[in-house]
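Each chain carries a letter (A, B, C, D, E and F) given by its place in the written order, and its residues are counted from 1.
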Amino acid sequence: MKLLIINPNISRGVTDLIEAEARRVSAPDTRIEMATARSGVAYIETRFEALLGAHAVATLAGERLGHYDALLIAAFGDPGLAALKEVLDVPVVGMTEAALMTAAQLGQRIAIIAISRRITAWYRECVDRCGLLGRLAAIRYLDHPLGDPGTVQQDHAARLLALSRLAVERDGADVLILAGAPLAGLARGLKGQLKVPVVDGVSSGVCQAEALFCLRAGAALRGSFAPPPAKPHLGLAPGLRALLDAGGS
Amino acid sequence: MKLLIINPNISRGVTDLIEAEARRVSAPDTRIEMATARSGVAYIETRFEALLGAHAVATLAGERLGHYDALLIAAFGDPGLAALKEVLDVPVVGMTEAALMTAAQLGQRIAIIAISRRITAWYRECVDRCGLLGRLAAIRYLDHPLGDPGTVQQDHAARLLALSRLAVERDGADVLILAGAPLAGLARGLKGQLKVPVVDGVSSGVCQAEALFCLRAGAALRGSFAPPPAKPHLGLAPGLRALLDAGGS
Amino acid sequence: MKLLIINPNISRGVTDLIEAEARRVSAPDTRIEMATARSGVAYIETRFEALLGAHAVATLAGERLGHYDALLIAAFGDPGLAALKEVLDVPVVGMTEAALMTAAQLGQRIAIIAISRRITAWYRECVDRCGLLGRLAAIRYLDHPLGDPGTVQQDHAARLLALSRLAVERDGADVLILAGAPLAGLARGLKGQLKVPVVDGVSSGVCQAEALFCLRAGAALRGSFAPPPAKPHLGLAPGLRALLDAGGS
Amino acid sequence: MKLLIINPNISRGVTDLIEAEARRVSAPDTRIEMATARSGVAYIETRFEALLGAHAVATLAGERLGHYDALLIAAFGDPGLAALKEVLDVPVVGMTEAALMTAAQLGQRIAIIAISRRITAWYRECVDRCGLLGRLAAIRYLDHPLGDPGTVQQDHAARLLALSRLAVERDGADVLILAGAPLAGLARGLKGQLKVPVVDGVSSGVCQAEALFCLRAGAALRGSFAPPPAKPHLGLAPGLRALLDAGGS
Amino acid sequence: MKLLIINPNISRGVTDLIEAEARRVSAPDTRIEMATARSGVAYIETRFEALLGAHAVATLAGERLGHYDALLIAAFGDPGLAALKEVLDVPVVGMTEAALMTAAQLGQRIAIIAISRRITAWYRECVDRCGLLGRLAAIRYLDHPLGDPGTVQQDHAARLLALSRLAVERDGADVLILAGAPLAGLARGLKGQLKVPVVDGVSSGVCQAEALFCLRAGAALRGSFAPPPAKPHLGLAPGLRALLDAGGS
Amino acid sequence: MKLLIINPNISRGVTDLIEAEARRVSAPDTRIEMATARSGVAYIETRFEALLGAHAVATLAGERLGHYDALLIAAFGDPGLAALKEVLDVPVVGMTEAALMTAAQLGQRIAIIAISRRITAWYRECVDRCGLLGRLAAIRYLDHPLGDPGTVQQDHAARLLALSRLAVERDGADVLILAGAPLAGLARGLKGQLKVPVVDGVSSGVCQAEALFCLRAGAALRGSFAPPPAKPHLGLAPGLRALLDAGGS
């Protein structure tokens, strides 16, 4: 399986983090290809930044159309996820969605550890769109400025561990999600020190992509994820046009 | 008040419909300015098309930054609405949100009349994001191909009336929303023939924009609608950059 | 437009506060008329007091039937609101409902600042009836005895400001509602000092009444807000009888 | 135990129906006393009529204060129920609430059979206030004019039976509530002919009142059902004043 | 009425506590018979222990089939409750369900006081299955090791009182449930010291069983609580077989 | 990875169906071992039958403790799933849960096709426990007697296809789950003929088990899925005792 992983942010350092974790967990016959957003921001924390990220992801996904068997959108909040499911006939996986669906099988109540306060509103809305708000125990977050997103894990290790413990002891979480691509791989590191299952966005994204590919559940030709009906369009970049044309036939 | 109304679709005929209805209902001291998306599709029915529309709306809103006191996004589904609330310090109103908040004051259970089956999933998710899914009685829809979006009202008048009646008699709706910019003004036309209050997206959008402007509730400097934190960005069109710069200062 | 504003409490001092704020925000062609409950309590905090207030509001609304184009029930909790929508064919607006529908367009998560602990249960049920419980971030309240409801704002200014800040910083509210007619106008005063949009019950009530009147959405002749079916009645005061007779024809 | 049963409607024929059923089911040491609203309508179907009924119930409950050990409000929709729980220190039971809490122990999904279409919106809101909307399978209703509320059972027996069957076969109900005081006793009559447990409002109201009295769970002196705080009041009938004075001490 | 009360735990000391409280509250014509699980654990706190308890309860209920008019499952969490409702044609009452349905008539928001932290997740899921999660104010719990379940009340009296007060003052509860058979009877003891109604699992279970028996609502022959369809089975103990055979005829 | 798959029913023919499908989809390094319940019924449709199945699954899982790396409970409704997650420190997967979490990544609204009417209530409660009731479009079911569970697919192929189409066209489902072990493999057969993704319980169960094993998220030592606290027990079969002892150390 050829798995395209798109980092919706412009930060290549984070792309490298994602790639390392993805390669570590992927099956032998999974070929991973990485892409980094050409436009957008260094780290998506808000709805507006997600709008920019969604556009960048769609453009890249369209440019490489036909060259991958599954797509992983590698930012928490899953910018563009539902939209791309409509126009692609391969599995499209989001880091949040994959982490939630994985975590939901490991515990009843889920906590998310996030890297900034600002990002939590967006995450909460994301959990709500997945329909799992009723299972959210808490979102806890780093309350200090991040510095370099590429070194969040090292810079804030002790605090991330403390937040994880609070989520279990105070919020009653059965399972944790360490959220945000900059935390890719941290779950492995903390596992020994925590007392509940810990889910990582990147690795659960890769595993869910492999599972969905393996199941070959079929593409949507009807229902709300069928390709958009063909209609006039205007002024779209080639990648976006390719997606509309692919679907609208 | 200067009200900028952006049609997120590329169809100028629909822009004209919207403008006519907006001018009819607006207060004497409201100056209306129209804009039409330069990129996107003729009519947004899906999540992917909404992604395109959101980007087009944001670009236009950024280019005209500083030249309006309130913004109305004039397509049902409100593409880009939450994102733009973050970066603008003037009221940003969406047709769906305004229609729902208006309808919610006129009846307990709300029905939406839509112009295609495909569009209903997107509308439903929109009502859910507003938190009002519990008050949705039904979404009923035209089940025949639309033809020209600019003449939907005339082409399908009898069917739209029949759908409205079914929503009241079968679904128990207390109030109706005629959804989609192409239906702008139809509510006025049908009012005599229906037996419950009927809400139009464009006119409720204009009235809610006037109400919000009048209240001067203040801008968000904290919370999840504060401007995105300043951070590196790349490859953004001038309009989008302007929005990031305006907020991130 | 002739707007009748009824204070469901017997406190004339609060009626004056309401009137001042209403006149300040209303459009030039809105004529405001005030009425104060002839029976009931000084300040509604509980369900039983709301029962008394609802009866008083209905009586007054019936006595003046035909002499107003819209009605604003000017107490938080909206005593009698849904009932009066059935029997009146003009827009009926409640302070809570109007504030919530306004706030819902300014932020995703809403906090309410209340003037006593006891009142919060009633407010919460009110938000629930509006279907917006999922968007309620918190209700925070003054925990000291009020003294004179007419001077709450001055007596407790610093505490109200502190509560508002907690709602933003701790509860994650994007928008605040300062609840209760005795706080009419306070939103204007605090705006400079808070960092999120602040909504006032009276002024949003007036603006929503103007918006609904302007939209002329039509009266309910079917559905659950149609007038009650005609049937025998007994022992009702003239105002109440007028409402039944108006609707039941 | 002395059980006061108040019919919130003015129809003495229905009071007789209620009394007969109540006497049939009550325990040997339960003394039943009946009261009929002195003001209001013949049959409550709407929110406005419920407002009238609530006022009438409160007035009677206040006039007889001290002369009963439990109160049953004998109309579906429970007019005044939550309000009276605040001011009385004896159990206050509503027919809907009692029927729902009884039915919830007999099946997972509950259907209500109602005597008019108009009444269903009010019932639905009542189920919602009880927090059991998620367990409501359906509300089915007689769609023909009632005629005399005192003879609904006989006039519409076949149709009521058919509705009950549809609720089981089509709506997946596990248990039925025959709603409305005019149907008092019908559950007994239909039991042989239906295939799921059937709950009657009056008899479940009596049994729940007996259960609550027997448990002596204590009165509310704190929380949202404590008596309203003492404060100035004006223009209230003696019964209502008695309730305020009883609580506010 | 012959009421069989089964303690799903193996602790005979707790059976005695339950019996004492049950006899104290039951009506003169209720004959109480007790049974204690022959297999399982000393005190059910988890889902796995509940699985064991459910099996033990079912076995006992089947062995005594035909010898009781109602069954009370006397452990919080109601192990086996829904399953036994399918195969028995007499009322089956659970301590949690009965306590919740009782409490829901005494206050709007309910708090549960539990005897260990671990047990709270199971209780919460139980409230959710009853559909009343929206009315749950909080679950507070003893955070120290229990010692002997038969003497929890005496050993932790002060702490249980303190937890109850916090539930009212901090969590906004209107009514309390003292949960777990080991707390049977404590509600009576604390009533004088608390300021809101307090509900006991055992006594509300007995009263609800009496109420359901008295109402004779009929057995389920259709719907999801009808007996399981007859089909091959294997390897079941005589009690379990009796239940299948009773229903599947 | 060694994957133990337990059929909670006594029907060996269905075990064979499950095994065939599991072997077809599993990864090269997954070793599958099958087990069939020694006690219980031929096909679980009800809560009581699920109680029997849960006990049988737990017994088998305990007897083979230490001999598998992951456990798949291969009946829809997931009997014993949450309980076994507490006592096992390897991933425990349920067919329903796995199918739902898979389907939730393929479409927004999910429909379930079931093999009998009776089974639908149990499935619905299962979806509710997963927290995904808000995403359930419908449960459609075969309404004719099954005959042999081992040949349901062949006997009812046309009807199953018709039900699937109705779920898409009428209920607005974006994705289908063919539910029940007897339908194992049918999804592959129908895929060509349906227009939306189709999820099979067995194969998604296997793939999710592989994903969870691969992620090595860690065991629960705290939270509500930690092993039950050690305490006295009595009368348990060796398998069940092994599970308690394993966890309670």
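One rule holds in what follows: contacts are C-beta pairs under 8 Å (C-beta built on N, C-alpha and C of every residue); 3 or more make two chains touch, one makes a residue touch a chain.
These are the chains along with the protein names UniProt gives them: A, B, C, D, E, F = Asp/Glu/hydantoin racemase.
Keep in mind that what you see is a predicted model, and the values were worked out from it rather than measured.
The set of chains in contact with chain C as well as chain D comprises B, E.
At the far end from chain A, in terms of centres built from Cα atoms, lies D. Taking each chain's centre as the mean of its CA atoms, B is the chain most distant from chain E.
With angles rounded to a multiple of 5, the C-alpha fit of chain B against chain C returns 180 degrees of rotation. Taken over every residue number at the interface, the positions common to chain E and chain F amount to over half, indicating a same-residue contact.
For the pair chain A and chain F, the distance between C-alpha centroids works out to 27 Å. We define each chain's centre as the mean of its Cα atoms; on that basis chain B and chain E are separated by 51 Å. Annotation: 43 Å between the Cα-based centres of chain A and chain C.
Within chain D, residues 82, 85, 108-109, 120-121, 125, 134, 172, 174, 223-224, 226 each touch two or more of the remaining chains. Looking at which chains touch one another, you get A-B, A-C, A-E, A-F, B-C, B-D, B-F, C-D, C-E, D-E, D-F, E-F. Looking at the complex, you find that chain C touches chain E at residues 120-121, 125, 133.
For chain F in complex with chain B, the residues that touch the partner chain are 108-109, 134, 172, 174. The residues of chain D lying in touch with chain E in their complex are 25, 27, 82, 85, 91, 93, 97-98, 101-102, 104-109, 130-132, 134-135, 168-169, 172-175, 187, 191, 194-200, 203-204, 207-208, 210-212, 214-226. Contact residues of chain A toward chain B in the complex are 10-11, 38-43, 45-52, 54-55, 58, 80, 82-87, 116, 118, 120-122, 125, 129, 223-224, 226, 228-229, 231-236, 240, 243-244, 247.
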